[in-house]
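Worksheet: the structure to be examined is printed underneath.
Should a chain be cited, it is by its letter among A, B, C and D, assigned in written order, with residues numbered from 1 in that chain.
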Amino acid sequence: MIRSENGYFGEFGGRFVPEILLPALTELEDLFFELRDDPAFWQEYVTLTQEFSGRPTPLTPLRRLSKQLGGAQIWLKREDLNHSGAHKVNNVLGQGLLVQRMGKQRVIAETGAGQHGLATAIMAARLGLNATIYMGAEDIERQYSNVFWMRQLGSDVVGVSTGAQTLKEALDEALRDWAASVETTHYVLGTACGPAPFPELVSYFQSVIGDEIKDQSIRQMGCLPDEVVACVGGGSNAMGAFGAFLENPEVALVGIEAGGISLEDGKHSVRLSQGTGETGIAQGYKTLFLQNDDGQLGDTHSIAAGLDYVGVSPILAYLSQQGRVIADSATDDEVTEAFSLLMKTEGIIPALESAHGLAGGFKRAKSMRPEQNVVINLSGRGDKDIFNIARAFPQREWTEFLQREAARSTELLAQKGGH
Amino acid sequence: MIRSENGYFGEFGGRFVPEILLPALTELEDLFFELRDDPAFWQEYVTLTQEFSGRPTPLTPLRRLSKQLGGAQIWLKREDLNHSGAHKVNNVLGQGLLVQRMGKQRVIAETGAGQHGLATAIMAARLGLNATIYMGAEDIERQYSNVFWMRQLGSDVVGVSTGAQTLKEALDEALRDWAASVETTHYVLGTACGPAPFPELVSYFQSVIGDEIKDQSIRQMGCLPDEVVACVGGGSNAMGAFGAFLENPEVALVGIEAGGISLEDGKHSVRLSQGTGETGIAQGYKTLFLQNDDGQLGDTHSIAAGLDYVGVSPILAYLSQQGRVIADSATDDEVTEAFSLLMKTEGIIPALESAHGLAGGFKRAKSMRPEQNVVINLSGRGDKDIFNIARAFPQREWTEFLQREAARSTELLAQKGGH
Amino acid sequence: MFPAQYETLQIMSHAVIGFPSLEENEKAIAGLAVAGVKLIELQVPFSDPVADGHTLVNACYEALKQGGSVKATLDLAEKVCARHPEVTFVLMSYLNPLYRYGLQALFEKAAAVGIQGMIVPDWPVEEIEPWLPKLDELGLAPILMVTPNTAAERVERITRASRGMIYVVSRMGVTGHETQWGEKFQNYIAEIRKHTDLPLAVGFGVRTSNDLNALSGKAEVAAFCSQYIEWQRDDGSEIAANKMQTIVKAIDPVGV
Amino acid sequence: MFPAQYETLQIMSHAVIGFPSLEENEKAIAGLAVAGVKLIELQVPFSDPVADGHTLVNACYEALKQGGSVKATLDLAEKVCARHPEVTFVLMSYLNPLYRYGLQALFEKAAAVGIQGMIVPDWPVEEIEPWLPKLDELGLAPILMVTPNTAAERVERITRASRGMIYVVSRMGVTGHETQWGEKFQNYIAEIRKHTDLPLAVGFGVRTSNDLNALSGKAEVAAFCSQYIEWQRDDGSEIAANKMQTIVKAIDPVGV
């Protein structure tokens, strides 16, 4: 796995945070540097993911679909089968172990669509920690189902109503909480971004994905795959899938970003692949950001809430600059098509985020030979996001169901005498 | 695993079907009898569940919760981590292999809450079969989210508007379809009920659960568990969990039925444990049914849609009569309490069905000693059923979210120009 | 009395006990008798009528709300058997209501009130065989079903256990509407006759005069049930009886 | 000019460029100057102001809509530095807008328009050090922050890289409201003074005359920012300036 030089990967990375947060980051870094070369710690982590989250996740051959597309053999790394339904839980469980070692009793996290918040709430419940999850008021409004679960899990979900009231503001607000509580609280960052050591630390825990892909490929294909493809939001599932192959130049590593509606400002979330992202320093680190000439971070759009992020892992920014990672993107339309194709042909419901990896991977596989192998990292399942997916596939029956259900729910509340 | 005598388990079981269905059942039985002792077939099945559904599922120790309850060590068998979110997929994948061997191109199934229908739709997509899923119009109305997925998966979901328009009618309607299509169509029965060979066949495929529990117990506890607990709807997850232990009398096997609101007629679904069920012959087999003096099948109620069934596996009826399986029940209130307790203490979201097993298992564990071990089969996850669970925990925010979402959905539809 | 082998086509019609109401059943049966129907099934309504099409399923559902039951059926049978000695009444039921009543008691009571036969679609031949001595003693005829996909050895076994008539399921399926009475069907009938001298009652999909005329000369009995119940449901028992009369009169009296 | 060590307490106040509008900024700054404020931070609004509390976060959000930017800030600075020579203007910004502008060009331009200091909360000392020769050459003072949890060696490094003043973060956190100025705080201040002869500007949680009087005699500068911006937001710049004047007049003129 790649290692930073002093928190930097080439020109990207670093640690640009208010002074108050520095001690917590260095404490975390010290602990991480001490543990990451300790095989016993890695074993402890792997055992936790096994006993709680069902690892290893399988590598599923898509026989029918590969045949139908007529190119390479396509395999899915099934992170959707993780507890909580996405790869996010790997990182969160790993950080949970660090929290226990630091003796902290409280965790905080920011969340956009709710996936990382949910994973954090799950980890906190499992380990007996208090959790506060910051979420933009606008996101709460749209993703209430995840809020519902986080609250049922005992987490405190705090709505953030500054600014545009979405992920960015939630992240800023979580940092503000951390500035006040840093001595007793760990900030569980959800992707391979942010100030050092987070990009490295999150990639380290997620590398369990690529380690498994490597073993499974040798067992199931008899060789390494020709390509490994992953969607790129912050970059954690991609770094997880790619990590084990960085030193195998014969394995192409392909990251698929959210092409959204078009490459117009605010209509996509492409930072690596189309010259849309520019080097900047914000949210604690240096990377390619979508931003304007004044250095203000830009608006983003993706059909997948989890890819709708303005920055990107500094490690991926570096690897893509070096040419080791190939960056591409998939539009919303390509994504819904790949989504339907996988469901109808293989019976697997992908997350819309992961469907970006599918769209990109299918396209590449088509132009390859049948004896070649492409692994696509299926970072999450879609059934956790029925509201989002129903928005992507508008249907009258769904609307009517929601209306009836709202009426039913009102009635139930009235029966119970309100809340 | 237990074997029938000519389709019977003691006085229960048999095959009471219209003559027209008989050839299909005997064809299926012949094939099953031929394959079930073939280790290569079992291996093929296990490999399919591994590569597609992530088996083996882990056995998760509940360290915090066990300590908090102060009794035996509690372990969860994590069927919730299966692809599709419940144990139902095991059976369905197994039957899929049989369908391929029979050379049939179409499957049908009945579904109540939608779980089994969804699992069938998934299997059909994966194997390239046509699928028709029968579902009561009333159930479609309430469980539209599963209908949404089944349709996205390419299945034909047919609403049944005879009678009370629920599971029973859907089952009857599926049988009617089968009567007309039996030569080209396989009926994928979803639980360990129905005419022979289904109870035995479904239990056979589900026995993968208990086999794993046995291995894992020896590895993780160093001994067999003292008790294995499972919820009982039709009985498939219970038979799956119990199967491997039938010849180990030192392992208590406990089935938990839906105690519902009370033991009044129509307010529960207790067939085994309280003398409420009476021997009867319906839906193709002989077992304990909730019925009136005239032999009309009764109404049932459970907070968990999947336990709301009027009959029960003839194998469980027999084992409970023999005293080998202990039958108990949990009320709706006990179930919501156990549901919350597991979520808040261990970070796992159980299906409401499975939460019956939790309620029963927790109660038993409490009165046991810390060196004892109880395994509870967590048959499914709850996040697949957010609408049902939200009904069980009415909250103003949810109601408001549904109202907003209905409005949003209406708008989206208008934008796309209808359907 | 059941018809003799090769007798001209008779109609068997239907009553679902409790549909549309218990009182109406009596009038409807009287109407059928006047219309010239010689065989009537008295169906015990059941909560799970898997072998019935939608018409009868919904009729069962309504009938149960109106008090239809085994007991109501036997009570009614007692009256109508006495009142219409020219009609042969057949008890039609799913197994469970009879099983709950107690099979032996039920058979005895049914025979005592004058019921002559019994059609139980989910009661397989293997389970009936042990009861044959008792049924024969009571003179209660088990009328078993043969379907197009029943294997030859099984047809043999079923016909051997049947009494009074064989119920010939005309085609695969229960809910469809059109049935073909062509060569394939005739071969099927011929195949069954190799195994039995009992008259054949053909059921499923007999809905029109054309169907009846197609069957005339091929089978001894045509079960004209769902269509009749639909008439009863939509037009009332009286008009249904009139329509039935028209249908009965229109049959070509051709021997098989 | 920055105050000298141990001078009596001065107030540093604030402008978010573009909030409530670019024109209003000029009037507000004039009002502050009249009120007797000797130090004013000119904050470049930023999309992600992580070290600010809600008041400033929302002000940034509004300011951006009103055209706030680095360029707008420099343009304004040019005017107000010339207009109010008695006031020391400090550029306050997050790093990215400056980085995008080009750090060297920005420093040169800022110095040229008369800005004397610079507070950049997400710019750590390690990254500033290489720029010190250039900044010293330009006479642009990097004012670095020390926080209650900064380790002693790091306080040493930060104070060594700072110019003009040290920004003392009064307490943990950014969004809370009450700050204690008791013994613990005084020990904290004393600890910092061991490392530096620069005057101390205390920020975060300075919202009342009581706070100012508590700081009087302990620090040379009190950053009175969020409360002023709230006045400006709620009452307009004119009333805010009047309130500011009252506050400034009420300070006990005690030397440290």
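Keep in mind that, in the parts below, a contact is a pair of C-beta atoms (placed from the backbone, for glycine too) under 8 Å apart; a residue touches a chain by one contact, two chains touch by 3 or more.
Everything quoted here is computed from the prediction, not taken from an experiment.
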Query: What's the chain with its C-alpha centre farthest out from subunit D?
result: C
Statement: Chain-centre distance (mean CA atoms) for subunit A and subunit C, in whole Å, is 65
- request: Determine the centre-to-centre distance between subunit C and subunit D, using the mean Cα coordinates as centres, and give it in whole Å.
  value: 97
- line: subunit A to subunit B, mean C-alpha position gap in Å, rounds to 32
- line: Where subunit C touches two or more other chains at once, the residues are none
Query: On subunit B, where are the residues touching two or more other chains?
result: none
Query: Taking touching chains as linked, do they make an open path (line), a single closed cycle (ring), a hub with spokes (star), an all-linked set (complete), or other?
result: line
Query: Can you name every chain pair that touches?
result: A-B, A-D, B-C
- prompt: Where on subunit A is subunit D touching in the complex?
  reply: 14-20, 22-23, 162-164, 168-169, 171-172, 175-177, 179-183, 278, 280-284, 289, 291, 293-297
- line: Given the complex, residues on subunit A that touch subunit B span 50-54, 57-61, 64, 78, 80-83, 85, 121-126, 128, 141, 144-145, 147-149, 152-154, 340, 343-349, 383-384, 386-387, 390-391, 393-399, 401-406, 408-410, 412-413, 415-416, 418-419
- prompt: Where on subunit C does subunit B make contact in their complex?
  reply: 46-51, 53-54, 57-58, 60-61, 64, 69-71, 94-101, 121-124, 127, 144-151, 154, 158, 169, 172-176
